[in-house]
Amino acid sequence: GGQQSATRDQVRAVGSSTVYPFAKAVAESLARSDATIKAPIIESTGTGAGMKLFCAGIGPQHPDIEDASRRMKKSEFDECVKNGVKEIVEIQVGLDGVAFAEGSNGPGIALTPEDVYKALAKSPFGKPQTAKTWKDVNPALPDEPILVYGPPSTSGTRDALKELILVRGCESDPAMKALKDSDKKQHDAVCGEVREDGAYVDAGENDNLIVQKIEANPKAIGVFGYSYLEENKDKLKGLTMAGVSPTYETISDFSYPGARPLYIYVKKAHLKAIPGLQAYVNEWAKLWSKGGVLAKAGMVVAPDDVLAASSKAASELPVLDGTQLK
Amino acid sequence: MNAPVPAAEAANQSAATVFPDPVGASKISARGVSVFYGQKRAIDDVSIEIPQNYVTAFIGPSGCGKSTFLRSLNRMNDTISGARVDGEILLDGVDIYRSGMDVVQLRARVGMVFQKPNPFPKSIYENIAYGPRIHGITASKGELDGIVEQSLQRAGLWDEVKDRLSDSGTALSGGQQQRLCIARAIAVDPEVILMDEPCSALDPIATARVEELIDELRGRYAIVIVTHSMQQAARVSQRTAFFHLGKIVEYGTTSDIFTNPKEEKTKDYITGRYG
Amino acid sequence: MNAPVPAAEAANQSAATVFPDPVGASKISARGVSVFYGQKRAIDDVSIEIPQNYVTAFIGPSGCGKSTFLRSLNRMNDTISGARVDGEILLDGVDIYRSGMDVVQLRARVGMVFQKPNPFPKSIYENIAYGPRIHGITASKGELDGIVEQSLQRAGLWDEVKDRLSDSGTALSGGQQQRLCIARAIAVDPEVILMDEPCSALDPIATARVEELIDELRGRYAIVIVTHSMQQAARVSQRTAFFHLGKIVEYGTTSDIFTNPKEEKTKDYITGRYG
Amino acid sequence: MSPGILFFLAFGLGLVGWLAGRSRAWAFRKTAPGGRIHSLPDFHAWYVGLWIAVPTLLFALLWDAISPGLVLQSVLSDPAAAALPAFGFEREAMMGEARAVATGAARAVFNSEAEGLVEPYRAALARYNTIGLVVTLVIAFAGGAFSFLRLRPDFTARTRVERAVMGMLFIASLVAILTTIGIVASLVFETVRFFGMVSPVDFLFGTHWAPDPMSTGTPDGSAFGAIPLFWGTIYIGAIIAMAVAIPLGLMSAVYLTQYADNSVRKIIKPLLEILAGVPTVVYGYFAALTVAPAVRDAAQAIGISNASTESAMAAGLVMGVMIIPFVSSMADDSIAAVPQAMRDGSLAMGATRAETIRKVLIPAALPGIVAGIMLAISRAIGETMIVVMAAGAAANLTANPFESMTTVTFQIVAMLTGEGSFDHPATLSAFALGMVLFLVTLTLNFIALRVVKRYREAYE
Amino acid sequence: MNTFQDPATLEAARASRQARMQAGLASRYRSDALFRWAGLGAVSFSALVLLLLLVSMASSGWAGFHRSELRMSVPIRGRLQIDPARLAQPDPLGGLEVAGLPALVKSAASQAFGPEADALISDAAWREVGEKLVTDPSLLTRNVIEVSVPASDDLANAQRGGGDAALRQQAANLAREGKLVRAFDTGFLVRSDATNPQSVGIWGALKGSMMTMLVTLLLAFPVGVLSALYLEEYATRNRWTDIIEISINNLAAVPSIIFGLLGLAVFLAAFPNYRSAPLIGGMTLALMTMPVIVISGRNAIKAVPPSIRDAALAMGASPVQVVFHHVLPLALPGILTGTIIGMARALGETAPLLMIGMRAFVASPPSDFTSPATVLPVQIFLWSDEIDRGFVERTSAAIVVLLIFLLVMNGIAIYLRNRFEKRW
């Protein structure tokens, strides 16, 4: 487009639906605290689609910030560089947990990543999936049918489920770990694919519906972002994972296996051009502390050392080195 | 076709014939009938006796109420919202507008043929069988076949269509369609047949066939025909009623009306002074 | 309104009058005209001379092409897709189908009145003023008012509507509407007026008024009228053309056609043998 | 000078020409024999007006497109521009700021570096504005003079103006074709790319749909079998929804056309139209919040244990309700198109109203009704929000209506608003799905419209 | 076969037929009645569903027009160091913030509700107090003013019966004392989207909708009407017109989401700057609405009796004059009806706008046609997806607003149609 308007007067952020509510809160707070700045526009496109938009180039038609519920991939970074987006600042803003929960009157079973992997994988350790009940998976577990409501493959929460729980459970078998180096594709298939015979139910992007479903069926288990568990404490009960229950603290110190970092990526080239961009980044730093606005909105605050590093990043804006990425 | 036509009426136009008093042999008697469309009075206090076994023609200028009156004879006006009939119309002495009158049965007894041929978009056979079927007149397929054949015979259509009874009724020519409609009407064996300008959409040859048919049918039914063509009225009817502005101006034998009208208005109309 | 009517024609039906040779005084001459609708030939090689200051009637059974031929005289057939005219039609000696002919100007010279009165859904005044407006005939409001009054006068409608010129034209009665349409046509002061069954939607009294009007107007215009009613043709016209199956069977003075037809077909039609 | 002013100028000059042409034509009329000229003065006026306004407007559009570049060039050649950062976007942003200040759109610059550019900008703007203005005036004058000099009493202004009007109408009607081309083009490229990665056979005939937008490497064609989506779409849109909409819609139409009297019809018909006018997002919300739990509870009450909240049933029922007015109005039209004579014919035979409707009217209207149902199906399978909010994401190939199913439209939304990167086959599959949807609805409509047309023609 | 037999046999046959007919009558009437009731049932079902939908939206939406507010008194005189004139300058709230209003409100709240007051009142509470002062600076001279401030989201939730037990108890207590009330929230109609259901508003989306509709109308109406005129009045049947006609008829039935794909691939590619802008949304919806206008326009034009065209043509009007003097004015009510219905459909459309980025969080109303915006139906969709349960009622309230607009538009369309139906 050969538009003549070579500038834009408000910040634009795209990306993760998980980060979206927090990014909104920061935008709102910024607009309130400084009347001269127009409220940033936040669009929930999902991390991947956001990356695509973010990396498409430099200029007013491209967003300034990418919200991500996972780290940028090497391939995405390369795409960015290819399109001239060379200086990117990575800031970890907080944490989210992939929480397992059941209805507050459910039996309350104790899970491990290995159990979950065995129960949900399409072909656990390369063998056909036969488990019907939790007991089939682990004799210590109750004799209840496996029924898990979880996010669809298009969502980042699902990605986290895969990376944080399933792959971890899978790699409890050293053979699988070895497979990773010998046959990446095979490893991904065995460790990452979720069964499709009805025991795992894709519940759509709307996590509220998962809450309703497990409320209605106490024997079912739901998988969703921690903020939903937080919001529905009265109706749901978190399940322990490897003995740790999903709470604010356990996620925050990574003792709960389902914790994952949330990031924002800032296009350094836009800093001077877009009024309010620096202020928006600063606003994040203002709000992400313990007891701050973001914590109230359900975000898990990162451990202190991470927070310190992030605050430094927010003020100094170091450029991301692509070689660290996977 | 040896129909028992009353001897006195055998020769259609013989002017000297003396007609019996219509009231004596009347099939339908209208007594002080008025028809309204909403506020508008289309028929104004009409009384007339319609005899059995004759063809009665209604003539008159456009809009004078011929169709309206005709449709009140089998209560087809009921289907027009806002239409209302005052007065009495007796069929065999029973008022068809009395409460509790069954219109379904009435219409089975008083058949109707319309200006534009309106066969159903079904096969010829189904067109004829429609009436007997809905009324549950026949007990068996054989009986129904018999009725279909007989009705088509009477309508003079059998020879033309007997090999294609399963063709669509709408595939026939205009004249054939109209005869099909007549056959359909007589399939339920009515007592009266009303016809509203049955030939006005037909060409001269088809018209002649239908007129012939009407003449044959009157042996069995009372027939009332509305027509715009005075020539046609003269050709097919034995009684003629001249309507003007919702009233009957003159009623009498056809020969009287055409050769010796009593009223000035009738005369003007007959001689083409207006209309 | 004191139009110069040729003395010989003053008495309408005087059978003894000798007509001048039509060709000599002709306003419109058709030469070998055929009209097609797609493949179908509706008019087949018709030639006729239509005189100035007379009423020429077209009669014939339904579908014989009267309207088609009439509409080819002011190129209204152009508006029907698929319609095509062969042959020549000369208006004052100039072919109206020649290339470069401006139909807008042609239609201002050859006005038309239709079967169903079709006033615009505007005020009476606007109905009449429309033609003068689009043709830019008047320079001032006063002049326009004058034309409106004069046209309504000529159409014999002025007294009935002069107090309600701003009422809608569609609020008039059928006969008044038709006279309004005639007034509208004469407001642009045409040379020829074509009328396609102008009275068939009217009641007898309105019909009489319009017929009277037609007779008055012919002093000023050439008038061509299509009619279904032979009586009407006899009453208003001085020339009659009898159409049959797309051809003119006979053309001559009205009195000749009705009292002394040369062709067998004409005779049959006149006497009501068909149609 | 902003393009807005040029547009105003074009209109203003056009108006001047209009008035001039008109008065000239009036002058002709005064002297013309009989006061008649070929065309009305207004047409002369429009002729001149258009000759001025159209070229100047075109120039204004052109100038709008090229003048910023010219201004930019001239500012960049200014010594002050040498100090600008070399990098494109930032530099442009500063230029933008400077321009904003120069045109008065902003009060001050954010970046002080831009300060020095304001003056050069102002100067360049002034220069090019003057040029634009002069050229506009020249063009207007040329067009005006050319057209004005052609006016004569017998000048065919009307024909020419009307030809212009016709051209405008024709161009307007081309927009429809352009839109269709646009749709096909926007689908076709991505679809072809998709089929470069996943074989069409796998896509169209595979029974397993589980694309992983996060996966890397060569895509697994067997995860792109769209049959479950097609099945879900058909099951929800063409089976469940139609099982609701056809009987209810048809009976409503029958009731409204044949039984209800005028006053009832006057109330009910608008109600049905309102039902048709409720936005689909509201239906979706209603389905997800009210109908779906009720359906699930009902299913559980009759002993179906694995009934899902996001069931095909809930989405289908609500979609059916949404389609009722559509079916009913199509059926209404078809029944109304059956000539009154048919109905009279049947009633005159002594048929009851129900018999007339069942045995004559509906059979006669059947082609129209069937076509209407095809259109309704095409609308149901293209419906998005209801299924997005109530049907679910699970690509189940099942006949159990209480299970969750997904549809083509759901997957389009999910893939395009989900996590996949833009050239991932999972994302591209949205376009292939869109293509299938487009072709199917196109075919349905095409057939239906032909049927309707033939049917209408049958009754004239 | 003899068609006319012995009269006595014939009479007998006739009598037996009539007897059979008589026998069937009762059941025929029964099935007639049944059919009628089935029809009435179908109509009533539709009406009932509509009623259910409207009532459920309205009742839940009514709650959505309310919010939880806390009543308290704030001491003013001598506590705010601000010149009343400052309130007339730009950013008066900034002035009040500097003058210490937030702390003042906080301390007043802890005075009224105890030490945890911070968690009870909304973060935005002081702003509402500030706005009150700005609208009426004379309040600055009062000792104490009584204010209602929005409760925090958690407290609002507790008042509805959610959240943890302690807070529920506290909410009940406050409500009993009359300090916590559900009050009609006029601000809902003037605020924009926010993260907290207590402080969201619909105005941003409404304005976005109106701007989008304006673009749609300005593009779709002229193009639609002109093409309808062309096709109905002038186009000669040829391959081109056939193609145009087929395109239009098909476009009218193309799923709306496909138009979204078009907008994504064409408009956003051409104008990447204008992602989420009413301009792009309006253009996309215009393509969707245009065929509706063309089709209804053609029907309206077709309904103008040919006799009027004939009359005008016979008067020597040119085809263009016939159309612009007679056909268009007479068809206009019909065209407008179709346009309103098409616009109403566009107003409720969601799916295509999701495809072109109109699902962004936009906290302020759009200032022009190219600034990012959202629209009512998308706002509804976004809110229906929110975690916070306070959004459930707000979603219904937004639906009520949308439905009111649609009902009004449909009402106008129906009125127009009834008023101008078949005047000739």
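Note that the chains are named A, B, C, D and E in the order they appear, and that numbering of residues resets to 1 at the start of each chain.
Heads up, the rule we're going with is that contacts are C-beta pairs under 8 Å (C-beta built on N, C-alpha and C of every residue); 3 or more make two chains touch, one makes a residue touch a chain.
Here the structure is a predicted model, which is why all the values come from computation and not from measurement.
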item: Third chains touching both subunit E and subunit D; value: A, B, C
item: Chains in simultaneous contact with subunit C and subunit D; value: B, E
item: Chain pair bearing the highest count of C-beta contacts; value: D-E
item: Chain whose Cα centroid lies nearest the overall Cα centroid; value: D
item: Inter-chain centre distance, subunit B versus subunit D - centres from mean C-alpha coordinates, in Å; value: 56
item: Rounded Å distance between subunit A and subunit D, as computed from the means of their C-alpha atoms; value: 36
item: Centroid distance [mean C-alpha coordinates] between subunit B and subunit A, Å; value: 85
item: For subunit C, residues contacting two or more additional chains; value: 104, 134-135
item: Interface hub residues of subunit A, defined as touching at least two other chains; value: 5, 44-45, 60, 205-206
item: Sites on subunit E at which at least two other chains make contact; value: 28-29, 318, 359, 384
item: In contact (per the touch rule at the top): chain pairs; value: A-D, A-E, B-C, B-D, B-E, C-D, C-E, D-E
item: Subunit E contact footprint on subunit D (complex, rising order); value: 158, 162, 165-166, 168-170, 172-177, 179-180, 182-183, 185-187, 189-190, 247-252, 254-256, 258-260, 266, 268, 270-275, 277-282, 284-286, 288-290, 321, 324-325, 328, 352-355, 357-358, 375, 378-379, 381-385, 388-389, 409, 412-413, 416-417, 430-431, 434, 437-438, 441-442, 444-446, 449
item: Contact footprint of subunit C on subunit D as seen in their complex; value: 29-30, 35-37, 39-41, 158
item: Touching residues (chain side subunit E, partner subunit D) in the complex; value: 28-29, 31-32, 34-36, 38-43, 45-47, 49-50, 52-53, 56-57, 222-223, 226-227, 229-231, 234-235, 243-244, 246-251, 253-259, 261-262, 264-266, 287, 290-291, 294, 318-320, 341, 344-345, 347-351, 354-355, 359, 377-378, 380-381, 384, 392, 395, 399, 402-403, 406-407, 409-410, 414, 418
item: Subunit D to subunit A touching residues, read off their complex; value: 65, 68, 87-90, 92-97, 100, 110-111, 208, 210-217, 288, 293, 296, 306, 308-310, 388-389, 392-396, 404, 406, 414-422, 424, 426-427
item: Of subunit C, residues touching subunit B in the complex; value: 61, 200, 203-204, 207-208, 229-231, 234, 272-275
